[in-house]
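Dropping the structures in below, format is C-alpha cells.
What follows is chain A paired twice: with chain B in the first complex and chain C in the second.
Moving on, here comes the complex of A and B:
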C-alpha cells in the first residue's frame, strides 16, 4: 500500500509511477490519497499503462486499487 | 544563478493555476451591488480581462491586476513572468499599458537580493512594454507572491472585449498550449530542460506584438488565454457573445511533451477546476482525453484568442506568423443553436 496522503499534486501520481516501475508492473497495487485531483491523475496514468482502477472513498480519503 | 531559496517550493499552486475557479467567482460576485456609470465601458459583470473607463471621446483607461506565487525558481524570471502575465490583460483589451504598481508578498526570511531580483524582472518587462512602475505595496506572507496592477490606454471606440465575437469570425491563437502542465511537471523534475526553457520563453513573451498586429484589422473579440485555459476563456467568449465556437483540435499547437505528460496524469489541479467550469458546455467530439486536458490546462501569460472578421483573417494570420510565438488558425465562430457552446472537431 502506497500512502500518498498529505502529498500535494503531482507527487502522488509520481509515487505510483515509481512503484509500478520498481515492482515491474505488479498485477495489483493499492494507493491512499486525500485529494480528488490525485484520484483523477492516478486514474489517467493507470489507464495509460493498462490498469483498471476502483476507488473507495471514506472520510475524505480515497483508496485506489489498480489491477491488470 | 545559484539561488538559496527554491522559490517554487514555497508556492502551493503554480502560476495562474492558483486562480480561483471561474464558476466559483461568478457565484461569489453574483449578488454584488453594481453602481452604474455611463462611462464604465467594461466592468466585472462581463467576465472580461480588464475594466475600461471612458475619460473623453478619444481616451479610455484600462485597469487590471494580476499576481501569483512563484512559478519559477529564478527570482528574476519569476518577476518577468508575473509582469508579462499582468500586462497581458491590457493588450487583450486592445490597449497599451502605461503605468503599473507592484503588488508583493514576501516571507520574513526571504533574502533582500531575491526580492530585488523579482522586482527587477518586473521592472524590465514593464520597461519593454513601454510602461512605468511608479510604486507598489508589499506585505509579509509565508507564501511569496508578485504581480502588477496595470493602467493602460485605449481609444473608447477601439476597445476589444471578449463579448463581441460574430458568427463567421475566424479564431486565431498566438501561443501554444501546455505551459501549466510543464510547470507542474517541473515541480517533480519531469519536464525536460529544453521544454522548460521553451515554456519560460513563452511566459516572458509580451502579447504586445499580437496586440499591435490585431488592432490594424477588424477584430470583433479578444481575450488572453490564462488561468481559465483555452476552454474556460473560450466559453466566456462564447457566452458573452452568444455564439458557439467550433475548434479544430488538430490545428491547435499543443506542446507535444505536455500531451505526453497529460497521458500519464501529470496535471495541475487548475486543469480539473477548468474542466468542472467549462466541460458541461463543451462537446469533446472524438478528441483524445490527454489532448482535451491540454485544452483545459491553465496557462500563465498565455497568448491571445482573437475572433477576427473572415475577410481579414488571412491577412492578420500572415502578419501574426512573423510576430508571435505560434500563430494558429484554430476554428470558427458559429450562430448559437442552444445547447453546447464549444465543439471540438
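Moving on, here comes the complex of A and C:
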C-alpha cells in the first residue's frame, strides 16, 4: 500500500509511477490519498499504463486499487 | 477529443481568456486582464508594503479568485483545512517566484496573455518557464518533497479567504486608507465589483478544473498527460482571438509591447526562477490562490510569501522596468544590477532547497 496522504501535486502520481517501475508493472497496486484531485490525477496516469482503477472513500480518505 | 482531457479545463481556459480580454476592455492594464503576480504586487502597494507609486491598487481579482475557490470547494465538499508541509520553505519559494515574475513582468498566466497579445518577449519567458519546469521535474524525479500536510483546524483553512474579505470590506468602506496609483498600471482598473464577480466565477471554475499553468507543462513532460496543458493552450487562443476581434492585435513583435521589456536574458532567467519554484510548490501562483481558497494553509503562507516578495521587489528595485519611449527615443527597459544579483541568489536558494529535500542528499524516507 502506497501512502500518499497529504502529499501535494504531483508527488502521489510520482510515487505510483515509481512503484509501477520498481515492481515491474505489478498486477495490482493500492494507493491511499486524501484529496480528490489526487484520485483524478492517479486515475488519469493509471489509464496510460494500462491499469483500471476502483476507488473507495471513507472519512475523506480514498483508497485506490489499480488492476491490470 | 482524448478522454484524458477534462472538459472543465477547456471551459476554464476559455473563461480565463474571455475574462482577461473583458477586464482589459473595462479598464485593466493592457495584456494584464489577469495577472496574479502583478495584482498581488498592486495589493502590496495599496497596503503600503512598498512605495512604488505606479503599482498601487487593491485588486479585487485576487479576493475574487480565492473566494470563488472557497465557494466551489465548500459546495463540492472538497474544502479541507490542511497545512504542515514546510510552510517557511514555501514562504521563501513564494517570495522568489514573485521576484522572478516581476523581473519578467508577469506570472505564468500573464505570460500566456502577453503571448496572445503578440508580445514576443513573452515567448522568451515561455522558454525560460519551460527550462525552469524541467529543472523542477528533475528534482521531483529525484524524490523531492516538502513532506505531507495534515488536517488542521477550520480557522487555518479560512485564514486567507477571511483576511482578504476583511481587507476588501475595509477597502470599500474607507478607500482613503489605501494607496492608489495616479499613473501607471496601478491607475488602470475595471470597476471593482465587476472585477470581483468575474474573478469569483473564474476562481470557482479554476477550483473545479484544477487549472494550473505550471502543472500543464510538468504533467506533459512527466506523464505525457496533456490535460492541464490544454487549458493553457485555450487561454492563448481565446486571448489572441479576443485581441484580433477588438482590433487590438498589431502583429507579433518584441518592440513597444505593453508593460514589457526586451532584455531577453532576464525575461528568460526570471521565468526559469518562476517555473522551477512553482514546480517545487506544486503549482503556479494562480493555483496557490485556488488551493488557499480550498483551505490549504501552506498555500496561504505561500501567497503571503509572494506578497512580501512583491514588496521586496519594489523596495529594493529588483523588478523589471518596461521598455519606453523617451523624447522619441526607444529605451530598452530591463532590470537593475540588484535585480540580476537577486535572481542569481534565487537560483542558489532553490538549488539548496531542491537538494536538501530530495534523495540526492537525504536517504529515501521509509
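Criterion: the second predicted complex is superposed on the first by the 68 of 68 C-alpha atoms of A that agree within 3 Å, B and C clash if a C-alpha of one lies under 4 Å from a C-alpha of the other, contacts with A are read in each partner's own complex, and residues count from 1 in each chain.
In the analysis below, a contact is a pair of C-beta atoms (placed from the backbone, for glycine too) under 8 Å apart; a residue touches a chain by one contact, two chains touch by 3 or more.
Since the model is a prediction, treat every value here as computed from it, not as a measurement.
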item	value
Fit or clash - chain C, chain B, common chain A	clash
Touched partner set for A:60, first chain B, second chain C, both or neither	second
Partner chain(s) touched by A:36 [first = chain B, second = chain C, both, neither]	both
Touched partner set for A:17, first chain B, second chain C, both or neither	both
Touching partner for A:6 - first (chain B), second (chain C), both, neither	second
Chain B versus chain C as contact partner of A:50, first or second or both or neither	neither
Partner chain in contact with A:26 - chain B first, chain C second, else both or neither	neither
Common interface positions of chain A, toward chain B and toward chain C	8-11, 13-14, 17, 35-37, 40-41, 44-45, 48
Interface residues, chain A side, partner chain C - complex	5-11, 13-14, 17, 34-37, 40-41, 44-45, 47-48, 60
In the complex, chain B residues that touch chain A	12, 184-185, 187-188, 190, 262-269, 272, 289-290, 293
Interfacial residue positions of chain A with respect to chain B in the complex	8-11, 13-14, 17, 35-37, 40-46, 48-49
Contact set on chain C toward chain A in their complex	3-4, 6, 78, 80, 82, 84-85, 140-141, 145-146, 148-151, 210, 215, 218-219, 222-225, 227, 281-283, 298
